[in-house]
Every structure is written in structure tokens, then in C-alpha cells.
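A, B, C, D and E label the chains in the order they appear, each numbered from 1.
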Amino acid sequence: MATYIVRRVFYMIPTLLVISFLSFLIMQAPPGDFLTSYIAELSASGEQVDLELVESLRATYGLDEPWYVQYWLWISRFVRGDFGTSFEWNVPVRELIGQRLALTIFISMLTLLFTWIVALAIGVYSAVYQYSIGDYIVTTIGFLGLATPNFMLALILMYIAFQVFGISVGGLFSPDYTNAPWTWGKFVDLMKHVWIPVIVIGTAGTASLIRVMRANLLDELKKPYVVTAQAKGVPAWRALFKYPFRVAINPFLSTIGWLLPALISGDIIVSVVLSLQTTGPLYYRALLSQDMFLAGGLLMLLAILTVIGTLLSDILLAWVDPRVRYE
Amino acid sequence: MADPQVEIGRSAPAEEAGQTSTYATASQWQLIRRKFRRHRLAVVSVWVLVLLYGMALFAQFLSPHDPFEFNDKLVGAPPMRVRIVEDNKLQRPFVYGYKRTVDFATMRRYYEVDPETKFVIRFFAKGFSYELWNLFPTDRHLLAAEDGGYLHLLGTDRLGRDMVARILYGARASLSIGLVGVLISFVLGLVIGGISGLVGGVVDDVIQRLIEIIRSFPTIPLWMALAAIVPKEWPQLWVYFGITIIVSLIGWTSLARVVRGKFLSLRDDDYVVAARLSGGGNAWIIRKHLLPAFASHVIASLTLAIPAMILAETALSFLGLGLRQPFISWGVLLQEAQNVRSVALMPWVFTPVLFIIVTVLAFNFVGDGMRDAADPYA
Amino acid sequence: MKRYRWLTGLVLSLVLAGVLFSANAQSYQEAPMLAEMVAAGELPPVDERLPANPMVIEPFEQIGQYGGTLRRALRGPSDGNGWRTIATEALFEWDFGRAVAIPSLAASISANADSTVHTLKLREGLKWSDGHPFTADDLVFFYEAVLLSPDVVGSAVGVDWKRVAGVQTEIVKVDDTTVEFRFGAPYALLEQGLAYHGDTALAPKHYLSQFHADFVPEDELQARVEEAGVDNWAQLFIQKNSVYLNPDRPVMGPWKVEVAFPADQMVAVRNPYYWKVDTEGNQLPYIDRIVTDLIQDAEAITLRASAGDIDFQYRHIRFSDLPLLAEGAETNGYQVLRWSDTTGWFSLYMNQSHADPVMRELMQNVDFRAGLSHAIDRETMNELLYLGTGEISHPAGLAGDPYFEDGFGQRFLEYDAGLANELLDKAGVAERDASGFRLRPDGERLTLTISTYPFETGASSVDAYELVAQYWEDVGVQTIVDLKERGLWTNFVTSNQHDIAGYLTASVLWNLNPTWYVPTASNTYWAPLFGEYYASGGSAGEEPPELFKRLQTLYDDLTTTLDPEANLELGREILRAHDENVFMIGTVKVPFQPVIVNSDLVNVLDQGVADFRLRHEGQSKFYQLSFQNP
Amino acid sequence: MAEAAVDREPTKVLEVENLKKHFPIKAGLLRRQVGQVRAVDGVSFHVEAGETLALVGESGCGKTTTGRLILRALSPTEGTILIRDGERVWPMHRLTAQELRSARRSAQMIFQDPFHSLSPRMTVIDIISEPLILNGVRSGSTRERRVRELMDVVGLPQQYLNRYPHAFSGGQRQRIGIARALALNPKLIVADEPVSALDVSIQAQILNLLQDLQSEFGLSYLFISHDLRVVAHISTRVAVMYVGHIVETGVTEDLFTRPLHPYTEALLSAIPEPDPHVDSEEIVLAGEVADPSHPPAGCIFHPRCAYAKKVCREEVPSLRRIEGRGESSRWVACHLADELTLRGAGLPAPQESEGG
Amino acid sequence: MTEKSAPTALSRAEISADVLLELKDLHTHFHTDDGLVRAVNGVDLTLRRGRTLGVVGESGCGKTILSRTVMRIVPEPPASISGHIFWHRQNGEIVDLATYPVKARQLREVRGKEISMIFQEPMSSFSPIHTIGNQIAEALLVHERVSKKEAQERTIEMIGMVGISQPDKRFHAYPFELSGGMRQRAMIAMALVCRPTLLIADEPTTALDVTVEAAILKLIKSLQAQLGMTVMIITHDLGVIAKMADDVAVMYLGKVVEQGPVEAIFDAPQHPYTRALLKSMPRLSNTGSRLEAIRGNVADPYTVLPGCAFFPRCGEGEQDRCTAAMPPLVEVGDDHLVRCVMREGVAHGRGSG
């Protein structure tokens, strides 16, 4: 097991290097650079830019260097934990990400909780009562969540929240609480807002999890050991939850690692529509404005989390499933 | 025979019944079809899809109006109701026109049903001219309002364009993007996965690592970057193909995994060994045994991949990276509707969502059914 | 001594403002929150904080009361103009909603006989928000150490008077409160220029010089660079120089940023050293705080506004959302004002310097342009986009602009397909191909590409140009609307690659950035090559034909002609050229810009002009806004 | 290994000498090979023309691997495999892929699981004619004639030509598999547990068929099985395998009645004879089957052998000929073969009941 | 066969006192999409205390379903059960297990406690992710009020009893860590940990090698003697039957076609099917001769033929008599019953004699 982990970590290095390189290429791929979009932004608001000044700015930010020089500068600093400074925000990337991390993780966790509770309950139900009317109904609802474009749902819920509940939309707090220190009131205010993203992001994920849970459980329910448990006189619910459920949930548990990057990125589109104070909109904006270090930092962070997440998943799988552990 | 499922599920042959039963000569696909039919929701969904694709195929014929024809008299008009009763008498189906009033204080248009203007609906009536499939020039339409009238069964958009026509035309792009995208994914997945599974060793390692890397990539930036690579000079049709390729990039890795897995598991199956012992080379084995063996599984995976592609197109359009008007796709229609005033004032411009949902649902159910039926011998 | 300075200040302010000071002459009043700080000894008394001659402002409607928080929303850090326009000060400022520059930080300005040297006197005793005196040194520091420095850039936006007639301007300190602007030629636009871009010219030398290589030893500076985690001191300087992302930077504006983005909410608190008072001697501003929420999505901003969570804003508020906004106004306690819009045309910039000679000849042919113009059904467009309330004209100035003459921009407007065909035939594109499309004189199919990007001015640009394209196709001109990403569009059209650019046109104060009407830079979208020629002094671009050269000469004259009448005539001649030639084909202009205003807010300009050059909402002078019930 | 070397006569259809198959075990950081599973570890035997040699042993002993090695479905690590078809001798162990195609006409395989060895996507005619197509029978009608002929031979009604395997019972499927194996007129058939997946009644049908075919076409079988009752019934000679080694060979009857290796004795004692009157005392072997990746020193069977002595723990016994302990030659790999007197299979049952 | 009880002639009354399980007209039908499968189609059987009943038949004859029907662990639906399963408790109480609803607590109390079962596939019959100790102890925890510690102790004891060395260590082992034989022993431990009255062994050795099979059969026998259990062993292998059973029931297509004491069945089989089975069996004793195969295959489970189901494969029958009606079960000897019209005459003769 230990050598396995060591080997996997060892493999991560070239993978991450390739990813960092690809990340950089992706950031460089769109024509123009941060200044191009900055100038466009300025001229769109009516400003006339001084092209001489722009060239000077380009030199200041090193954007006039060839891409491989820029890459080398970026990655060599990245390795040292220096993610550079965001052009647009004028703030070190690390700080920028750090600031939004807590709330992002909070929402992601909440969404996860929502998704899991709903998905597991429905998944178990529809597996146990396979082909019943209830199964068809929850399956359809699940798929409906999958089929509805997230951003649409976000927009509609946002409008409903505003119209019906009078909730001030955009972000996770009312303006009064945005910069306020944490109090009970602020928490309540957060909870008033947070259900929209949780539902919107959750529904899409729930549907697929329901399918996975249902399929896994159906597979497991066919296994002879279920009959064994039955023959032992174990009550049905206990037989269900102790055996097939435990086995069926394994692939689930192992996806926890995969959620790691999702915790950070969130659902970008939804968070943009809802103007959440999470990393998602930061990321989207950075990509659009070609805020290279910010976009690159986030991209790399996500890639690293994905790779670590995968490793974690495998370790977790080995932990929950003795069969894997001993292989 | 420990497992009762096996015992009852496996139909023993009816040898004694001398006649050749259809079951006995039923090929794999016939059996799949038979098993598929048991999944009732899937069967219904197949018909729904046939209907949807029929709509896309005959979009021009089915559209009562030109999807680009704007109507300054009916900007953002709500759906018209088809009526058959007037003055308590049964009539040919017809719709009433709208009377428009504008509140200049709020800059809002109000539409009121105007019983004075009445447009009778004609079948196979004349309307705008078009060339069906670029082959048959005609101006016949399934439905159209009587000469000079309007028939906006799903309302009009902010420029007074007919939503029915736009949805129908949009179906052409949106429904084909899934298919084409899946086709590209399929070819990529098949070739790369096949090589990976067949050659094995270092090649397999490298391909697996590549897949892992691609999957490590968050999709949104990948899309954004790739969408940015699509040259801006390209005409819309090329952009469409460009977007399709981008969208298909999300699919091929998982398909390659399916293919590889199947290759690996089938490679050592007894009947494949038997074919090898009979003198079959790699090409023969792949063609005669491996491909047919996982074709059904792959098709099931493909079916399940299509809805993701359709949704990806809408998401790309939403981000402003995908197709754009004047090209019509469901994603474009949604992008146009993507604002609060549409939600509040003209919710009917969201009808494309219903079509997306139905399509995605249908593909998912069909895919589900296909997956269950993919292995009729299980 | 102190007392004497105070007296002089009082006298000066009385004289300059021309207003009788009826309030208690012994002292100024200040906001309660500042009074508390003074009481606590954290702040010197208000009289010591104010300059000798504070600028006296007569509120728009009434004397306000202290207190309250004004709420706005911006979409991100690059939305900084939304803050700049309402909260920064300059040497001159615009009068309420008019393009008239009045002295602001400047106490007075005078010029020599030929207007080549302007002497500007600052108010006496001005202080930065940290209490440090604001002097001529700060102005010279900005000009020499920032704007003209080869190493550091303050911003991509320069100042309008950096070069006059090709000669670099000099700024010379005369004494602590006096500077001289020395131009290479007579200069007529300094006051307007200082009002327009003046805020960028304020740099607190005492603060910023710690980040400047000319003032700090290299190793010390390097330490600061590393501490900040940036690459070089220029980046550090840019970072520190931001009035809106750096809370430490001293400012001269009414509010000073306390919490900056990337916080989810930017908070700005009154500047205790603010140097304006109302006619009753109350130190401005009235409002304590301005909070600006960071809301990335424009839809969410719309919803915020209709929920009454925005107090005064038109940025990101769209004409098309009016029905929605009007709905919530009453219940949510706000009103929707209608400010006139000066830029909201969907214009078609006919590229006069087209790279393809055949196309260039067509583009330069007035019949061609007139024909295309007549082909557009503007009434229908108006109906579709603006419920028939939009304004139909070509962009050639606008009523309210001093250079505008009634009747400008009204040629070739009526929809007449027959006339359009006739004119197009006459322009040499009479031949048609099998599909019915017109052919260019060289026999190729005539295809016009309208290059634009998705923007909105009450309606979507994509919709508008699509409509135009359909009308043009109706008269046999194949038309493609090419949507580009904004940055790419800018590159594309400034490098003369386009047939027709689809964009807005400015109509007031164009004399400060003339590129709209005179090809003076490559961003003159209707003749980039000629503009580039002008900007580079003939070293790049292409020498324009006489017609365009004449416009350039006219503009040169305009900048140096001091006589008001002669100056006006020069401008009119420029606009007249546009009226006659329609280099920019106009379609329909948005009727007004809706402005969300909290019903409790007073002193709001009710008939403003939605224009960047007039500083957007800032023209309503936020420092004198006041809540009735703060 | 000595056996094959000594008598190499033209009557031998198959000669296997010192055959080894080692599967690598990879582990560690760089996936280096850290060991090997000695699935087949130096096996030698031969099959005479027209005889059935049974290869018996418990699961995991390497008998299936051996069968696949012979037909080069797996490549051997070491050793020689010669298949003789008339005048031609195929050195299977070193044939190229191209040569193998020809060689495989001489030797074919019947698989254990009739559900997995037939492609469910092909009809009977497709399945049986596959080897014909691959070996150059171009004409469709010739092929069909041959397929019909083969169906007759294995007792499948010709009208089932166009049926799919799923329409057949296990026994019928096995017949299809046999027909496919016969299609190219091989000399040798490797039958890998051909009846162990079948019901007892069907088992009999197939065993009878195999016997009939053998006499009709002069086939030689390498019959791989774990079922000693079946082996006793069908084989001419038996080779007993234990963890990659052959521990004993001999003529069937001889070996069953007088085993020379303690492992053979244990195997025989465990056969459940379908006769309630037979009351044998089976030998329960201690411990577990040896791990083929870490075989014990000395005799591979010694940890479980009740008779093991010091020599057994230290020296590897070679397969040696034992004369005079039966009607024919016997080979055994046991140090103690000369000392031990081991128990054979249960006595013949008394009289058959009525109808027997 | 030292433990095998000698066949004794018991009177009817004595037999009934000795009865443990009585199946009366038991049917288990499956409703499938392809039609109705009559897996168990009217079975009458009696199990007597302390004896071993072997149920033998080919695949698809319904023997496994029969055993599961007794425990009521066939899935209902699609299965539906009718008839009677009389379970005679030690205290004289007789319950009909067929009458309880499928989720009844009473059934659960019988399962694992009074009747328990071992399965063919010891690997898949254990949950892969729980230790065997955990799974064995569970039966105790479910049925008896014992502490976890006590359950563990008793489990370890049981693991030792089935011949697994180092039972306290193996308690914590996972199924995949054990060899096939060890797993089957663990399975037996699981079945026996509550000391059931009846042990049903469903093909307990089919997946095992011959030497391991012998050991497992021996173990079952010795445990039976030790614990005084009744055993019902399901197998297709007549060798196992011969070795293990006191009584034999031969099943064909959901019906018992012949039953009786093992010697009677092997020495004087009455039903043509039984005879054919015996003859098709390869034996060491007649290696040279040709096997007599049964022609054809087991019929399609969906089609119902009138009369005797075996008739199409039977060489002895007469068209008219055999296809007229399902032949009744007739007694041809002491406790020896057969379902064949061809034996009716014989039966009467014997019965009367």
C-alpha cells in the first residue's frame, strides 16, 4: 500500500507538469493578452487609451516576453508557492483565492450534503422498489434535474426568490451584512440566500448520483450474499444497509476525492449567474479578462486538487473496500 | 444453479418443439430490441425522439413563419390560443389577433386578445418559400394562418419572431450537435481506446495518463480556451462544427475507457481465443468478434453521452462561447432569453428549455434502456 | 498667523464663489461622525482641516443633512470607472450636467497673451485625505515622475494636453500653490481637459514617492517589491497608485476607500479633509459612506435595483429593463429618472480607408452610403428596439453640444427601397448575380461585413445590426454581421481590417477626444488608416485625401483657436462634413437612459446627460447628495 | 522430461518436453518484476495417436495453462512442444504467427464453458465455418456442405443451421464447439474440461460423442479434467498434475487401482462414487495447496504429504520410471514411490441394480 | 458411512412423531415476462429428524428453488408460493411457513435459527467487505440476546469447530483472504452458529475440488452427528448423494418423481428418470463400458406438457398412458414412492403384497 501511494505521488509530478504546461497554453491560446481586454474595457466605457502607455504597461507586466519565458517565470514561481499577482485585482493571487475559499467550501459542502442525502435516499428507494411507480417518478424527477440547464434554473429561482420571498439577490448576503463580522444575524442572512445555489447546483449532481446509487444497489441486490443475509434471518432493512448498501456506496465514497476540485471551482456558471462570492466567478472573470496569473493559479490549483483527489479516492476506496486494500 | 435469477431467467431451448422459433434465429440486435421493449419509458422515449428529429428534419415545413421574420406589431407577444368555438358555434380552428397598447411610462407593451381580428388556421397552406433539404423549393406549410394573418402558437420573441419557427429551426442544430459530437467522440474513443486496449504496455500507460490529464482539466476553461481557438473569421456553419468538436472532447475520454475496458475483457474470452485458434488474426478478431461484441455497449454509452453534448452546447452558448445568433440553436435561444425581464415579462421565450428537457430526458431513458438491453445474453 | 490664513481663505472663497456667506462666519460645521473623532482627539478641528478658501457649493435643490449610506453595485475591479466618475476630484470640474468647466481644486487660472502659458493657482491649504498638504509638487510629481517616466505608468489613459501641436507640454512649479502649463502652441482646451481627465493627474507625492525608483534607494525599493509579491517596482507603483483598489492611497475626493475590492463590498467613508462646503458652511459630503457591492452578473444588478437596494445608479441599468424597474419603483421606494443619452446610436462606421481599393472607392462614394442609408427602415427598427420612442438621426453631434447645428444628421434617413436601389445602381453596384446579389465594379459579389461585438444600449447591438443586414439584403447587398469578442473587435477595427464597424458614437465634448469625428487616431473606426497617419505625424498609416486632411486641419485649428465664435465655427464645419457625407450611418438612438434613484435622495440632477465625458452619475455631484431620512 | 527424450516415435501426436510458463509478478515503485508465478514448471508428456491422455489435478494446478500452451494460445516460457500430423511435425513452441495458422489445423481445442466459447452474435453456420473461412475455403457452398456434414457428425439437426447459440442447451452448444474444433480435420484435440459445466445426463452424451469421434476419425485427445470419474471413463492414460508439475503418469486402470504418488492416492480416495454401499475413507490432506509463486523446497507436495520424510523436504524428486508396478510403464515423481503401498480407488460396486 | 442411521421400519405414527418438515402440494411459480415458470410444481416431501435427505436432479429441475421456498427466501414477487410447509418444532408446535407474509417476523425467527442454509458459492455468498467473524456473529446477534463479546466468543468457538485453524485470528479475516475450502467451512460455521434444527446445504461442494469436497462432506456429517441436526442436501451429483443421504428425492421439472431410502433408490430405482440418471453417471467401477445418456434436454420451463414431463425423453413410456394426466405418486416399497404410470401396476402389487 505504501509503495503504491509513493508510486502514485511519484506519477503525479510529470502529470502536473504536463497539466501546468497545458494550462499555460490554454491561457495563452486566445489571441491578445490581459491588456487587450483591459483596453477594450476602457474604450467600451468611453476612454481613449494612450497606445504608448499600453506598450509601456506591457513591458512592466512582462507580457512582451515570448510565451516560453513567461511560462518559465510563472511555473518557477508557482513551485515556490508564489502564484503571482492578479492584473485586474491588484492583489496577490493567493490572497484573492484565500479570501473566497471559506465560503466556496461551505457552499460546496452544503451542496454535497444536500445532494448526498437526497440522492442516497432516492437511489435506495428506487432500487429497492425497482420498476414501481415511485421508482419511475423519482427517476423522472432526477432526470429532470439533470436535463434542466443549470443557469436557467438559477435565473428562475433568483427571480422567484426576489418576487416571492423578497430576498435581495446577487451574492450570498444582503448588502447590510456583506462586510459585517460574523453574527447570528449574518448567518441567518446567509441561510436565506444559500438555498438557491444549493438547490441549483445540487439538482444536477443529484440526478446522476441517483442513477449511480440505483444501479450499484441493483447490482449488489442480485448478489448471493444478500440471500445469505436473508437466510440468516437478518431483518430486511438491516440486510439492506449492512450489506448491499455498504458495498454500493463504495464507489460513492471513492468519488469524495473527485469532489475536491469541485469544492474550489463550484459550479462556475451558476455562481456567475447568482454572483456568489465564491471562487467560481473569480475564475470565470479571470479567464475572460485573461488575467493570466489568477487564471493560471486557479487552473493549476484545480488540476492539483484533481490529481490529489484521484489519489485520495483510490486510497479511500482501498480503505472502505478490503478487497482493494489487499490487492 | 444457486441463483434463482439465473435459473428462471435463462430460457432453455425448445428443441422438442420442432418448429423454428423466432427466438432461436433472433440475432443479437433482435434480442436487444426485444429486451429493450420491456423498458417502457425507453420505448416511449424512442418515439419522442423520432418526433423531435422529425420536427428538426421538417422544420421548414412545420414552421408557420420564417424564423427570421420580425414583426414590429407583435413584439414579445404571448402565445396565441387555438380556438374552435366562436359564438357557441364550432368553427374551423382559428386564433384571435392581438390588440397592442404601450405604456410609455414603463415602456411596456400589453397585448389583449382582439376578437375583431380572427385568423383561420389552414393546413398545407402557403407561407414563406423555402427549399426543403435544399432540394425541393416550395412554400407549403403544415399550418399557417389565413392570408396575411399571424399564427404564433408559442408567442414571439423580443423582435416579434415566431417562437415555434425558432424552436423548430433551433432543433436542427441542437439535435444534430449531439449526434455529430458523439460521432466524433466515438471515433476518437474507439481508435484511442482500441489502441490502448489492444496494444497495451507503454502505449496503454501513456494513453491512460493522457486521459487522466484531460479529465483533470476543468471543463469550463478548456471550453473557453478551445472556443477562443475557433477562428473568428469562420462562417457560422464552420463555427458550428468547431463547437461540435469542442463539445465532443468531453465525451471521448470516457468512451475510450469503455472501449478499452471491453477490449481487455473480451480479449481473453473463450470464443475470441477459439477464433484465434481457428487462425484468426488481429484484424479478423477485431472485426468479427470484438466490434460486434461491444457495439451495443458502446451505442448505449453513446446514447447516454448525447444529452451531455446537447447541454454542453447550451452552456457554451450561455457563456457566449458557442453559437451565436443569427444562427439558431436551442442554446442560442436560451442565451437570448437569459435575462430577468424575460422571466418576468415574457416567460414563453423559455419554451426551448422544455424541448431541451424532453430531449435530454428521452435520450437518457433510451440510453438507460439500451444499457439494460445491451447484453441480451446476461 | 493661522487666524490670518483662515481670514484670507474666507475672503477669497467669498470672492470666488460670488455668494454671500450668511452662516456663522466663525466656523464651519462638520458631520457628526467627524465631530466625534475631533472630540476624541483623533482629528484636528474642521477649521484646520479645510483649506483657506474651501470651494463653496450651492446644493442642487436644498441644503442637505449629514449621514446615511449610499448603495451602488459594480461588476468587478475593471469596472473602476464606476467609482472614479463619482468619487474623484480634479483641478476643474463640470457644472451640474453641463459641459462647462469650473475651477475646483484650482482657485483660478490665467493665460498669457497667446495662450501658450497658463498659470494655475491652487486653493490655499488643501490637504490629502491623510492630512498631508496638497501642493504644486504633487502636480509636478505626477507629470514628471509618473506620466513622462519611462519606467512607470500611472494608467493606460493619458491626459489630453500632453502634447500640443506636436510639442511636449511642460509643467513648472512657481510656488507651492502655483504651476505653469507651458504649451508648444496656443491651447484652447485646457480647462475642459482638466475637468475631463483631471483626476488622473493627482498623485500624492508624499505617499507614492516611497514606491518610486527616483526617490527611494534601490535595495529598499526591492524589499518592498518582494514584500508585495510583484515583479518590479513599476508594478508595485501601479498597485499603490489605485484610488480604488488601494485603501492606503491618500485621495482628494469626498470619500476615501476603506475596504477595497476584492472584498465583496467596497466601503468608502467620508474624507475628513474634504475641501468643499455648502452655502451654509457645512463641510461636504453630506453622506457618510458609499458601499458598492461586487455583483458580477448584470441581471442580478437589475434585480437589486428593482428591489430598491441601489440608491443612485445608471451604470448597468438598461433601457430594456425599464418595465421591470418601473414595476418595483413604488413599492421599493425608488424612482426611475430619464437622463438623455448621448452615445446610444447603433452607428455604421463606413471604412473610408478600406484596405481593398475597390471597396475603398465604394465606401468613399456618397451615393453608396446614401443608398445604404435609405435602405434601412428605421421606423420599424425603432418600433422593434425602442417601442418607437428612439431618436432617428445620423451621429453628427447632438443638441446640447455647442458645435451642433439644428438639422445636422437628417439626410438620407427616410426608408425608400426604390431610392436606395437607384443610388446603389448609380454608385456602380448595379450588376447582380444569379442569387440577386449586387456585384462590385470588379465583378465580385458585394459583401459587406458589419463587425461588432455584443453590447447593449437599450437594445442588443446584435439585434440592431442583424436588422440592418436584413434591410440591406433586401436591396441586394449581401451583408454579414460578424460578432467578435470585445478585445478582438478593438484590435480588428483599429487595424483597418473591417468593412464596416458597428459601434456607438459620442456626441458631446467630442472636441476633447476628436477621434469620433476627426481621423486623429487609429480608433477613428470610419478611417483608421488616416487617423493613424495623423497620430504618428505621418510616419504610419496612409496619407488621407483632401477631404479628410481638411478635417484634421480644422481640428488642429480648433484646439488652438481661443476666440469662442471662431472656435465654434471650426467645430461646426467638422460636424457639417459629417452631416453631408454620413461617414457614419446612423440608425436609431436609445431615447433615454433610465436612472435608479432612491426616493429619499435629494439634490439629484433630474435632467442629466448619460455620458462618460461628463462623468456619468458623477455630474450630479455626489458630495452634495443627501438623504432626507439618513 | 526423460520420457519424451527416450522414445520419440512417429506414433506420438504430441510431445511436450520441459514445458514452463512463468507469469511475472510486478510490484514496487517502477513496477519491476519481483517474482513469478510458476504456473507450469517443467512438464513433459506425450500423446500417442488415437489415445486419450487425461491431465488431472485440482484447480490452479496448471492443467488449463498447459492446454493453452500446447496450442500457443499462450506462449511458453521454456520447453518444446511438437505436434505431429502425418509427415509434418510442428514445433509449436517456436512457430511464428503465420506458421501457427497452418499448425493449428492439426490441433484444435474444445472449451470448458459452452456459454462463453461461442460468440453469441454468430449463427451456428457462422461459427462452424469460421475456421474454414480463415483457412482458405472460399466457396460458400463448399463451406455450407462441410458445416452440414459436421453437424451430422456431432449430432446436431441440420435445420438449426441458422440459429444462434442462445437458442441451444449447454449440451448442444458443446456439440457446436466440437464441430468447430473438427472443421479442419485436426489430429489432436485439447479438450479443456469439456463436460464439467454440463448436467450429468448431458455429460454422458458428450462423452459418448467424443469417444465416437475418436474411433471414427482417429483423433487423439488431451483431456483436461478435474473429475476423476469422467477421466476414468474416457482416458487411456492419465497424468496427474500438482502445482505446475506432473507428479505421476500411467495407464488409467493401473493408476487408479495402484497409485504411486501420495497425492494421487488422496485424489482417488476423495472420489464420491455414486454407490451408497461403497464406504471409503477419504484422505483429508492437511494444509493448503502450495503457492505457485513461492513453491516449497524439495517435493512440492511434501507439506501436505502424510508420508513425507527428510529427503522430501530437501530434494526435488524427478519424474522417474517405475518398472514392474503394473502392466505398463509408470512414471512418478516421488522419492518414496518404491517404499509406499498406496490405496487405489474404491472397489468395483457389487451387481448393478435392475436395468443396469 | 458410519453415522448413517440404519433404515428402520417405523410405523406411521412413529414416523409422524419423527417428522421435522412436511411439504404438502408445494408450488413456487415465477411470473416472468416470458411466461409462468413452475419452478416447484406440487411437491410432497417429508423430512425426518436426524436424517439426511438428498434432493437430486438436473439443472432447472427446481431443487434449489424448493430449498429456498422452504426458507421463504425466494423473491416474492415475482414468485408466488402455495401449498404447505409444515414445520414441526421440538415442543410439538407445528407451523405452516407458507402462510406467513413474506416479511413476517416469524419467518425471520425461523431463518438462521431453526433452519439455516449453506450455499454453493462461498465467495459470493459472503459480503466481500465484512470480516467473516462479523458475518457469522451476526446470526447470533439477530437471534439471541447476546452481547457482542459473547457473540464473538461463540463465533470463534464455531469457527474452530468447523476445522479452521487459529479461529481467533480468522475471525478478523475477510472472505477473499481464505481459500475456497476455508470459506465453505466458514459458511458452515455461519449456518450452524445458532445450532439450527435443519441445515439445508445447497450444492455445498460443487464449486470445490474433489479433495476439498471430501473434507467438507465429512465435516457436515460429523457436525450433524455432533449437533443432532437434520440435513437436506441439494446436489446434482449422485456420488454426493450416495455418500451423504439417508433418503433421496429425485426431482424433475418441479416435481418429485421418486423418493425413498438411499439404498432403495440406488439399488432398485423405479422411475425411468432415476434409472437414466444412474446409468449416465460415469463410475470407476465400469470404466470400460459406454455411458447411457438420456436423450434430449430438460424441457422449456414455460411450456407445460400434459402428463408426465419426462415422457419426451423417456424410452419406456407409452404415448397414451403417459401423456393423459400427471401420474400420481405411488408407493413401491417401504417409504419408496414413484411418480410413473408404468409402475402403477407394480406398485399395487407391492402395496398389496
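As a working rule, a residue touches a chain if its C-beta (ideal position, glycine included) is under 8 Å from a C-beta of that chain, and two chains touch if they have at least 3 such contacts.
Note that the structure is predicted; figures quoted are calculated from it, not measured.
K.L.:
Return the chains common to the contact lists of chain A and chain D.
P.N.:
Shared contacts of chain A and chain D: B, E.
K.L.:
What's the farthest chain from chain D if centres are computed as the mean of the Cα atoms?
P.N.:
Taking each chain's C-alpha mean as its centre, the farthest from chain D is C.
K.L.:
Counting C-beta pairs in contact, which chain pair has more, B-C or B-D?
P.N.:
Between the two chain pairs, B-D has more contacting C-beta pairs.
K.L.:
Just by CA atoms, which chain is the most central one?
P.N.:
Smallest offset from the overall C-alpha mean is found for A.
K.L.:
Rounded to a whole Å, what is the gap between the Cα centroids of chain C and chain D?
P.N.:
Those two chain centres are 93 Å apart.
K.L.:
Please tell me the distance, in whole Å, between the geometric centres of chain B and chain E computed from their C-alpha atoms.
P.N.:
54
K.L.:
In whole angstrom, how far does the Cα centroid of chain A sit from the Cα centroid of chain C?
P.N.:
From the centre of chain A to the centre of chain C is 40 Å.
K.L.:
Centroid from C-alpha atoms only, then distance chain D to chain E, rounded to Å. What do you get?
P.N.:
Using C-alpha averages as centres, the distance is 33 Å.
K.L.:
What residues in chain E touch two or more of the other chains?
P.N.:
59, 68, 119, 121, 125, 297-298
K.L.:
Residues touching two or more other chains, restricted to chain B: which are they?
P.N.:
Within chain B, residues 2, 12-13, 15, 228, 338-340, 344 contact more than one other chain.
K.L.:
Any chance you could list the residues of chain D touching two or more other chains?
P.N.:
Chain D, residues with two or more chain partners: 169, 172.
K.L.:
Within their complex, state which residues of chain A touch chain E.
P.N.:
Per the touch definition, chain A meets chain E at residues 223-225, 227-236, 238, 242-243, 246-247, 250, 320-323, 326.
K.L.:
Applying the document's contact rule, which stretches of chain E touch chain D when the two form their complex?
P.N.:
Listed in rising order, the residues of chain E that touch chain D are 1-2, 58-59, 179-180, 209-215, 217-218, 236-243, 245, 262-263, 266-269, 275-287, 290-295, 297-298.
K.L.:
Which chain C residues qualify as touching chain B in the complex?
P.N.:
Within the complex, chain C contacts chain B at residues 299, 302-303, 319-324, 326-327, 380, 383-384, 387-389, 454, 462-463, 466-467, 470, 481-485, 488.
K.L.:
Mind pulling up the chain C residues that touch chain A in the complex?
P.N.:
The touching residues are 71, 73, 76-78, 81, 150, 152-153, 155-158, 162, 228-232, 234-235, 238-239, 242, 245-246, 259, 261-265, 267, 291, 293-297, 299-301, 303-304, 306-307, 309, 343, 455, 485-491, 506, 513, 515, 521-523, 611-613.
K.L.:
Using the touch definition up top, name the residues of chain B that touch chain C in the complex.
P.N.:
Counting only chain B, the residues touching chain C are 68, 70, 72, 75, 102, 104-109, 158-160, 228, 232, 320, 324-326, 338-341, 344-345.
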